[in-house]
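Look for chain A in each of the two complexes below; its partner is chain B in the first and chain C in the second.
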Partner chain A sequence: MGVTILHQFPVENRTGPAVIELLTKRIAALGAVQHGQFLVDCETYSSVPQLGHQRTVHVLHNSEQPATVFSLLETGTKTIPLATDGLFDLLMMKMSSFYTSKKQTKAESKGPRFEIGDFCVKLGTVTVSSNFKGILVEVEYRPCIVPQMCWELMKEFLQGFLGSSVLSNPPVYFQNKMNDVYTPIDTIHQYLEHFTIFRKSPAGIRT
Partner chain B sequence: MERDIEQLNSALNSVKVLRSNVRRIFDSVSNGLRADHGDDGKENKFITELQEILTTVNTNLRDVEGSVANLTTPGGPFSLGNTTYLSQETTLERQALYGQLVNSYKWTDKIREYSALAGNILAANSFNKSYKTFSTTKRRKTQTSNHNVSPEVIENIITNVDRLFPDITLTTSRPFVANPLIQASLGRVLRGHIAFKGLMIEWVVVKAHGESTDIWTESRYKVFRKVTENCHAAMCHFHSPMMPELAVRSFMHWFHSYQNLFSVPCKRCGNHLHNNLPPTWRDLRTLEPYHEECK
Partner chain C sequence: MGAPGTAMDSLSAALKCNIIPNQEYLLQGSVLDQYVEVLLHRLRGLCDNVDSGPESFQDHELCFTLRAANPSPTSIALPLRVRRALDVADAPWQLRYVGQQELGDKSRPTVVRSSIDMACTSTIVEFLTELGCRVDFEYTARGYMFRKGRMKITVSKIFKVGGMPNKPEGLEPISQSYLVELSVLAPSGQDAIAEDMRIFAEQLRPLVQLEKIDYKRLGN
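Showing the complex of A and B:
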């Protein structure tokens, strides 16, 4: 598991498939080979009023860690991450009387997965309850586990095929974590941050 | 000496030629008249043939005399040293010792000759493009066997290296008593698996932190496979049979420069990536980072 950066690629006035096609062409021209598909999905549950102070649980799956269910519990003051095995999904179903899923919030990002050198690139089409919302490009540099060490290198790679839409500073998520060891839960956090913004964006497309 | 042997060889050769021609005379005489002499004047033909061979033999004889005259007589009897006593050996199974002794002498001689040649060739084509100089006194002092040393000596060197580079963490295991296997974790960048043969670095594999510690499989990451390759080059470069400890220290010093593997751009082209790889080469002297293609 290496450092992963999630980047939102501006759609402007193109369609989702057109952007994916454009990016696929670019990454293939650099020598990337497609290795299957990927999927990251997120469902959000809220505690019922009887439980008192409202808490929110986000449950996410990442096809890169197929045997793991990630969940993030928001208590209002802090966020508690949890990585469990597949049984957690069943547990959530059992608790449906305490935690109910908000309607129309199932978010997912899916699309082709590429490998190029030691990089892994995923071109995700984001939908929130089946409505197209935008494009998320995930780039993982697998040999390196500390963001501080490889940020410049990853920026160069990202700019190489995404152009000027890449910011010159690390994503906000990394602000206090540049020297920490990167773990899969960090990827989950990044997806959740993007999904939350996508859900709030009006009229579908976020630009 | 060289010339003597040459002359002796040519003398022996002419004796050989003489003997074979003399044999032809006896052949011819014993066979007498043969069918291939034909019918007309067969006696004359036979005599001519005989005369020809005799002339050849004469020439050969002169050659032998000539080459023998060229030979220098050895001064006095050969001194065989202590080996003379071997001829007085009476036990049957030890009588063959002299032959074996001569053979091993010949081998030693050949080894000396070949190693001298190899030494010359290696000195002329040094793969060691280094800046090291040895003073003769120092050399004599440290000239010890370096693949058969006591574990304490190696232990000392490893401890020294460990102290020298605070950001390299060393873990030692000893699957074979005298030959330790060390795992050198370089910060959070990479982990090198270094196998020693005595004081010599014999094998290096570089892998990511999470990968297996087995030294025979390579890393699943291209960047570490490249670094492994370069470590092999550096291992040969720094190898020094005369000063094994210095070799280990120089190698570790060079290895240490990989701490910025992912974070520094190439010194030549200024980019981080080339062929999707960071600068995987470190200059052996300046330790500056370069891409494989830029060095």
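Showing the complex of A and C:
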């Protein structure tokens, strides 16, 4: 587990599969080899009015950590992360009279997973409630766990195959976290931030 | 290589195949402080971990309930328990849901209750509090754990948390006896294990009488 950066790749006027094909060609030309597929999904639950002020629980799964369920509880003033075993999903079903899911908001990012030297690259097609929303590229630099120490290297790698869509500054999520130790929950936070924006955007128009 | 299925798909499949250990078979009893050594000695002889001896533990348990802000008689409450080891610093915390217990009729040897048990991060207390759960009570348990096949036997002393400040360690025992529990976590329908438990409990008599405890009768 190393530092992971999630980058939204502009779709412009192309279709999702066309963008994935383009990026697959580029990354393969660099020598990357495909190692299976990946999937990150997110289900959002809201508290019922009887429970007092509104709270939201986001439950996420990442195929990279298949035995873990990640939850982020938003209270309005703060966000509390929680990692548990897989049975947490069963517990959420028990809570169905207190927290209900909005089915139309089920978000996921899935696609091919590549390995290239110390990097792991995932090309994700994002759908919200089965509607195509955009492309998220996940790049992980596995030997390092402190963002500050590998950002420049990662930026160079990202720009190498994603071009000028990669900004020269670290993503907003990394502000004040550049010297912290990176953990899997940070990847989950980044996915949730992107999913939240995708959910608000009209179908397929986030470019 | 196939695409990974969603976590919910694999959970549904696991539920369908009935491989999730979500039922707890339970017998409980107690033994007075002065006789606990005799019971431990007996368990050392009967249980699997003969060579290594029993595993000691010291756990802190918080019992939460999730219920509506203005509970009506019909509203349901969800009990949740959080346990952490005080003697193993880096062990994960445990989150547990324990359902209503079924006593069943006389032919059923043990109490059966549904249980969802999982390891979690230490953020769980803040998570549950902000989720809307309230702490009902808490305690610490200190004792020994034995194993016999799939069965787990714990002999533990229960202490009030915070207790009396002028006491050494600040721990006040709630009684002059030890709690003895015999339990198995298994997928539903494996009732044969209950019979094994009855036979094992038989072997501990008359030192300790392990029984199906009816909390409803104890409560009032």
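Note that in this section the second predicted complex is superposed on the first by the 205 of 207 C-alpha atoms of A that agree within 3 Å, B and C clash if a C-alpha of one lies under 4 Å from a C-alpha of the other, contacts with A are read in each partner's own complex, and residues count from 1 in each chain.
One rule holds for everything that comes next: a contact is a pair of C-beta atoms (placed from the backbone, for glycine too) under 8 Å apart; a residue touches a chain by one contact, two chains touch by 3 or more.
Quantities reported herein were computed from a predicted structural model and do not represent experimental measurements.
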Query: Will chain C clash with chain B on chain A after the two structures are superposed, or do they fit?
result: fit
Query: Once the shared chain is lined up, is A:V181 touching chain B (first), chain C (second), both, or neither of them?
result: first
Field: Partner chain(s) touched by A:L91 [first = chain B, second = chain C, both, neither]
entry: second
Message: Please compute the chain B to chain A to chain C angle from C-alpha centroids in the superposed arrangement, rounded to the nearest 10 degrees.
response: 90
Statement: Between chain B and chain C, more residues of chain A are touched by C
Message: Quick one: is A:G117 in contact with chain B, with chain C, with both, or with neither? Answer first, second, both or neither.
response: first
Task: Based on the superposed arrangement, let me know which partner A:L153 touches: chain B (first), chain C (second), both, or neither?
output: first
Query: Is A:I145 contacted by the first partner chain B, the second partner chain C, both or neither?
result: first
- line: For chain B relative to chain C post-fit, closest CA-CA distance rounded to the angstrom comes to 15
Task: Could you pull out which chain C residues touch chain A in their complex?
output: 1-8, 10-11, 15, 20, 22, 66, 68-70, 75-76, 78, 95, 97, 116-121, 123-124, 126-127, 130-132
Query: For chain A, which residues are in contact with chain B within the complex?
result: 1, 30-31, 116-119, 141-146, 148-150, 152-153, 156-157, 160, 181
Query: Where on chain A does chain C make contact in their complex?
result: 35-39, 41, 43, 47-48, 50-52, 55, 57, 61, 63, 66, 69, 71, 73, 75, 78, 80-91, 94-95, 97-98, 108, 110
- prompt: Okay, in this complex, where on chain B does chain A touch?
  reply: 188-190, 208-210, 221-224, 260-263, 265, 271-273, 275-278
